[in-house]
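Pasting the structures here.
Both complexes below contain chain A, partnered by chain B and then by chain C.
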Partner chain A sequence: MIENTGILLSIIMAIPMLGVMFASLAKDGQGQTIKGRNVLSVGIFTVLSNLVILWITARKINVNGTNLQLIEKFKWLETPNIELVFGIDFFSLLLIAAIHFAVLLGMIGVRNNPYRQKTLIILSLLFLSMITGYLLAADIFSFYIFFEATLLPLFMLVGIFGDIKKQDILYRFFLYNLLGAMLLFTALCILFDNENVSISEISRVSLNRHIEIFVWGAIFVAFLSRIPIWPFHYWISSVNVNITNPLVFIVANIMPLTGVYGLIRFFPLTAPDILEPYLLALKIISITTMVVISLIGFSNRDIQYKLFSYMTVYYILYLLGALLPTDALLGNIGFSLFAYLIVISAIEIMISHLEKEKQCTKVGDCGILCNIKRSSFVLSFFILAAVGLPLSSLFLNNMLIFAGLLSYNIKMAAFILLAIILSSISLLHHLFYLKYPQEEVTDSKDVCVSDISMSVFCVLIVFMLILIASFINPLWFME
Partner chain B sequence: MPHYLVILLLAGVSSVFVPKNRMIYWWASVVIASLIYSALFLMGCFGSNALTFDWQAIPNIPIAISFVPEYFGCCACLGVLALSFFAVYYNILVTKEESPNAMNGLILLNCVFVISAILSPNYIQLLAAVGMSDVIVFSAINQLDAKKQYIYGNFFADFILLNTFALIFVQSDSIVISNFGDASKQWSHRDFIAIMLLLSIFIKSGLLMFHTAYQKMSSLNYNRLNFILYVTTPLMGAIIFENIKDVFVISPYSYPLLKIFSVLTILFAALGTLCVDNIKRKAVYLSMMFWGLIFVGYAWQINTVSPKFYVLLLSAFLFNNSLMLVYKAASDEVLISRMGGFLKSLKFTFFINAVSVVLYAVTWWIYAQKSIPYAIIGLFVISITSAHVFSEVYLSQSKADEWVLARLKNPLFLLWLPIILVAAAVIYAKLNEWQYIYGFAVLWMLLFIFHPFRKLSMMYKYDSFQKSDKVTWLYNFFILAPLKFFGRALRLIVDFVFIEKTILASIKSAIRFAVFIFRKLHGKNIWGYMIFVLSAVIIIAVAYYKGVMQ
Partner chain C sequence: MLNNYIALLPELVLFLGLICMRLVKLMRKDNTPKTFYTLSRFFLFFGAVFTAIFYNQNVTGYLYNNLFTTLFKILIYIFTFIWGYLSLKRFTSKNMPSFNFYNAVLFNTLCFSVAISTNNLLILFFGLSLGFWTSINLIKMEKEPYELNGNGVYSAFSFFFILAFACGVGIFYHYTKSFDYDAIERALAVKSLLIWQYYLAFSLIMCSILYMMSVAPFHFWFANAVGNSILPVAGYITIIPIFAYFSCMVNVIVNAFYPILGWFNIAFMCFGIFSIFIGAIGANSESNLRRIFAYSGLYYIGVTILALFPINDNNLVSAFIYLLVYIVAFCGIYTIFYGYRSRGDYLTELEDIKGIATQRPFLSVALLIFMISLIGTPPLLGFLGKLSVINSMIVGKEFVLVGAILVAMLILVYAYLKIITVVYFEARNKNFDEVDKGVYICMLINIILILIAIINPKYLMHDVEMMLIAVF
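Entry: the complex of A and B
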């Protein structure tokens, strides 16, 4: 690791916590007019401030560096020897920035939410702080703490903002994540061995053969429990399908990223050879999951499930890309994930807007976009970007990931591509379903459906420009 | 990017975002000025190295994008600019376009990406240009069914293209198209690569089985329809083929496949032109036939890259626009079955139509004359279809209602002026080659007068035939329906039966059972006490035994 001193990383983690503090002191907009949205303003300001700090950080780090940079160490305990270490590389930075943009979009999506907005914003900022810490963690101890800490705000968000089936969802959420947490805890306890170990040095810890298989297997399952890979997809799909609050949906959908990131950090170059057969098994299960979920999404009418299916397919694609025996693709995965999280968040807030309008006007959503041009334009743009047309960095960076997968195993890659086509077509299909006035809804023009406001439209245009900039030059913010 | 493309891009974007009908002529003059400037610039900058740039689209791969116009590239770009000019011209001056400013902007933007595709030295630039052009055309189609079919097909085509290039990239480690030639012989999966590339090209050019999106466009405004049929995605298909044609020699299947599809396309399109009642659908079939003819040339490797192609393309575009004259003269009547006997009232329109056919035939001859059979087949197909259509309109018994007949009048000179001008220019430039099409003229006149396929007009009565869309039905029945069925079955089996009713239900039951047992053991019962003590004794015994053994 490159030793460096500074407090930028601490600031990046601390700002959302400061936001939590200010938000808890701010007036809640509940029961007031929309103008009294102090909490939301605090939330948005916090995220924007952190984005500025991230931009400053980006200019300080070496884009091509493979090691963690701007290392910060904190001595916590002498016995046992625990030193918390944080560091950043360009991949983590891209993910943190994308998550910030996604949460920002989510906050814009809940600007008119009258129900417990203060709680919503506080928990979202708490989640932001935890996941930022997770992406910056460079040792197994802080990694584990933040890995588990991300669950707490999400558990509360689902509990508070879930719909009538939330008890069932929380049960699944708890069950699957408990399994992951226990396994990771046990594995890291074995790896800890009286001294904190940095993630990059894990493979150097000497273990006997059986313990090694157990440890890596436990890490494996722990991270998989966060990714919608069969059979773990079930809790995530339940959360996705049953949550209509866009911010909670976005936060819930960032959760699989923690699993993907964990596997990316632990596995590609540090995994011992003994795991090779298990990695093959993982790849087979992953691809089967991709195909199954995309088929289910293709036949499902619910847009939330379609979105979940799309996200699952892409998360697994990035995971498989990262598991290839090369780290050359890591940058491309980062650039793709950056655009992907923004695109998904924007689609979700648009879907949520349409869902709200559907409930207010009590008409079906078929053809709902006919008379709301701004929404139609924005949703079309983001869905076209999502399916991989040249409107964001997804387009060319995905091509390199596909290239890697095709060179590794063309038959496996063919199934992956099939899953991607199916999930993309199901998104396109829903777009046309929303646009197409069916004959039975003949009076859809008479129903007054509200379009997104001009200010939200402008914000979304800015996000479109960010995506286009990321297509023209993924390092646009470094220029 | 070279400044002429930047100017086109800026003019295009600003025109798209100008409110619908504001300052139409002013914006149109900006658009036309940018086209003229680009044409003048292109004519004066052959081989300029200043037009090569580094593109940072993928940080780990250096991409040199180039807009260097060699002789052919320059002619091709000029051809595209001319086509765009005429599209803008018709858009502004003659048709009732909904939002002319936006349409002009889209024409310019499309022009930028078509030029980028023509000049692309590497497939990243080609892919980006093709994809962007798709987005532009998607925006230009203002009919939902057509939009849907178009984007499904072209998303699929782009995805195939992207992944096939990805497969090429991992094997050749180069993105430069000119390196394909020799390197391609060392690739693995050669058949797969060639077939996938061809599939993508077929979809883009709307060959048989992939033509439904274009068929659905027949409800579009006439000028918009013609623009899409000749200057956008189908042209992109041909450009892709031209750029990567060296790849197709790697597979023994590629040229036979190309031959089969192109010939079937011509036959199907010719039959469609003869049997379909709607004049706009006829226009779509005529364009399909045109692309079929072009691909027949590629399939038999008759045609080489030449500027003549763009002159032919312009003629075909104007020929299709000449059909619009009939449509306009008949008060926007689209059904041929409600026309007939127009010759008496529309002599001048007939003259313009005949000029457009001659222009089309001459340029076809010039383009295809390297292979006489190919040229003759083309002339034959063009003459049969065009003579049939115009014979139906001008000579057959009148079926038009009185209102249409009373309002028949020759169109404004602005409508036919481009046809006359281009025909005059072609005749002037290729005066010595006129003699070859006398035969064609005679054949055409015979077909026009005797109308040998008049029996086919009975097909106009069959609504089921006129409105049928068997290809979409086939896709739905053989691809979409099984996929949906599998999806639903999997959801039922995987999510509901296996996870919900088996795994989760078992865990719930196990927890319930454990709670039940512990509750029993904790009850005021001597057996519970005994079991607790006994299990403790067993654990101690096992631990002791294990310890002793070790």
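Entry: the complex of A and C
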């Protein structure tokens, strides 16, 4: 170990792994009211501990700095000479914090679900550790290591808790992601063979024409295989819409973030000339996917699919923002993603609660929120925040990202706006449907739908306050 | 005088062990399965100790020891030791005699030890052939004649390839008047005197060794042998002899046949590509666990061959790391097979282990870790093997080979996904027996090795390199 300025980043990566260890040793709570509460407590405690460390880290970094800070280096191999480097900037800090908040919300969402909770928490913490490492990686090898390592816990989570009937979809999900990871690995080995460079310097490596096309093609395919863009959208959507466990849904929907983040980190400000025609094709495909998925979400009655469609549209929006030839929007993308991950996680746990109540009470969707005021309030808040009302940092920052896209290409921006409007309307429409009182129900006592507990309500209120506090800048508390 | 022969002490100890076991079998009536395990363990231990002590002593003219030979011999001792311990569980639980197995294991170790150290083609032939023939005969252990369907054919093929090996050795002796590696190398180094008989002899010897390694297209015997034999034998022939065949092949090529190797590099590449695709596709066509892993082993052997040729120090290190990583993971997987039992029977079919993760979670997690390591996913040890091989190929600008390896890996992963699905995602349909603590201990040590070695791979990548290049 050399040149380390601290061990905070290592601690941030290690804490979820410690959580995995403690969770695997925890008794599964036999004799308690809910089986698995011990392991859930370990999970929640682990995430909260890491949030505290993240807070300490946030106080130590310079928000205005453009380079990675708190660099930690580890000499890993001598032949070939590989050094693993980790660093953090405000962008990765925001994403790590948002992911921790999202996983915390997911854990709260599964507190009453005893089905294989130990496995669920262990795999979720493993995923959390791997994705944290991915967001902290500063050299090409550690980046690849964590990129591929995120795949296994997700595959296991989706396989065990995903209710996926067709195993082919699951296999394809794994194989396409593995293919992407292998391509990335090959590309990185080629780059490494030429010169041991950091991620930000990749674009200056001189390669011959064919190799350059292969390397950039491999990098793009690797990252795009994680984002629901055609032709990768089918299995991602098939996997996602079948997941009923809120924690698994949240974790599965953090996965596209790895693709967006990878492109943000790898893609140079000035794209190599050779990539220009391919970039145009990518943008057209992305926008077409956006519009088509938003239309499908709009026409679909299943709220899970509407949420997935909303998420896809926004992930592609961030991707397109990242591909613009400027890094001025990077901060806005980070601030927006911070709120976005919290908002969709909160919506997902509310939807999951409603689905469970529907199954227990055999009532329909229509007007289900009328008699459960806490749920109604929370869901309304988060859906309104999601569609862009001024309740979170989504409002201002999405507007700026969109303005950036508009100034770049007005025709493309028009289609993007259409997709955003459609996905927002579909969410609002469903909210209205959930709140619309049924005429035949006259006595509220006839409907015995349970509201969320007061403790969960309080937690969600805290998250609302976090969102409101982060209205302009989630890092307002820092100098 | 004594100094000249002291390096034979490990082989002498093993030979004494064989005599001792035979005497105990003849003279002691109340032998248990543990008796022969204890005896073999004792002699293996001292064999390993003497091998380590006399790591650089030579026996005049015939056996040369150096860091390269010692590394492989010690690996054989370690894995034989572990596998012998695990095999005892099976013989004890079934209360079956263990003499034949432990006697063969000790004899094989003796043969392989001699073959690895030798620089004489005749001794190499006897060492490898006797070792291989003993392994082939182990397959018949505890089998009734009607259960040995097709075994006669494999025995005939094995005999044929041993004969081919003998012919190759004979041809070289006929033209060079010596079995010595140096003499053969000197003869081959004179290009003007190269004759087609040399190429034929080299081909015969290499094909025989590749047959023993079960490299495609000589792989046809292996999956059946592993699938039909008892677990101790299946694990033994999968894990241990490969070290001997690999080291002997490298040793004889580098020290005797190097001048004519260039002519055969393309052939080795073809064998490697055949192996990776046949291994990957074959694994997908099977439903028997051991046969699935036998075919996937073919894939790993294929990659090892691809990484090895053309032989140089970098390629040798890459191939060795890959081989070692694969053997460590396979040792773990075969250890898990000892835990897959229901009503006393060892389970071999995918159908039999449905939903085992719900009742035996640690076994299932271990299986998952080993398979993920075999795929080469970071942060497990398998990634190191993948990194060393792919990086070495990219340095050599062999992009087509990299593509072939990755495509075949994707096909192979599909077979692993089927196993993961059966173990984790399907409902359990039977009760599984308690797992012996010894199995858990071996499994845990293996997992720790896989998890820890990746954190500081300096010993694997750097120190082992120092030992391997001693062969040049």
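The criterion applied here is as follows: the second predicted complex is superposed on the first by the 446 of 479 C-alpha atoms of A that agree within 3 Å, B and C clash if a C-alpha of one lies under 4 Å from a C-alpha of the other, contacts with A are read in each partner's own complex, and residues count from 1 in each chain.
The rule is short, and it goes like this: a residue touches a chain if its C-beta (ideal position, glycine included) is under 8 Å from a C-beta of that chain, and two chains touch if they have at least 3 such contacts.
For clarity, every value in this text was computed on a predicted model and none was experimentally measured.
Enquirer: In the superposed arrangement, does chain B or chain C reach more residues of chain A?
Expert: B
Enquirer: Please indicate which partner A:G19 is in contact with in the superposed arrangement: first for chain B, second for chain C, both, or neither.
Expert: neither
Enquirer: If we overlay the two complexes on their shared chain A, which of chain B and chain C does A:Y144 touch? Say first, second, both or neither.
Expert: A:Y144: touches chain C, not chain B.
Enquirer: Touch check for A:G106: first (chain B), second (chain C), both, or neither?
Expert: Once the two structures are laid over each other on A, A:G106 reaches no partner at all.
Enquirer: Check whether A:M399 is in contact with chain B, with chain C, with both or with neither, and answer first, second, both or neither.
Expert: first
Enquirer: Touching A:L175 in the superposition: chain B (first), chain C (second), both, neither?
Expert: A:L175 sits against chain B and chain C alike.
Enquirer: Could you tell me if A:G331 is touching chain B, chain C, both of them or neither one (first, second, both, neither)?
Expert: First partner only.
Enquirer: Return first, second, both or neither, reflecting whether A:G159 touches chain B, chain C, both chains, or no partner chain.
Expert: second
Enquirer: Touch test for A:I190: chain B only (first), chain C only (second), both, or neither?
Expert: Once the two structures are laid over each other on A, A:I190 reaches chain C alone.
Enquirer: Which parts of chain A are touched by chain B and by chain C alike?
Expert: In chain A, residues 175 are touched by chain B and also by chain C.
Enquirer: Which of the residues in chain A end up touching chain C in this complex?
Expert: Against chain C, chain A makes touches at 76-80, 119, 144-146, 148-149, 151-152, 156, 159-160, 167, 170-171, 174-175, 178-179, 182, 185-186, 189-190, 192-193.
Enquirer: Show which residues of chain C lie in contact with chain A when the two form their complex.
Expert: Residues 317, 361, 368, 372, 375, 377-379, 383, 386-387, 390-391, 394-395, 402, 406, 409-410, 413-414, 417, 420-421, 424-425, 457-458, 461-462, 465.
Enquirer: Once bound in the complex, which stretches of chain B touch chain A?
Expert: 55-61, 124, 127-128, 131-132, 134-135, 138, 144, 147-148, 151-152, 155-156, 158-159, 162-163, 165-167, 169-171, 189, 483-488, 490-491, 494-495, 498-500, 503-504, 507
Enquirer: Okay, in this complex, where on chain A does chain B touch?
Expert: 63, 172, 175, 230-231, 234, 237, 292, 295-300, 328, 331-332, 335, 384, 387-391, 395-400, 402-404, 406-407, 410, 417, 420-422, 424-425, 428, 432, 435-436, 471-475
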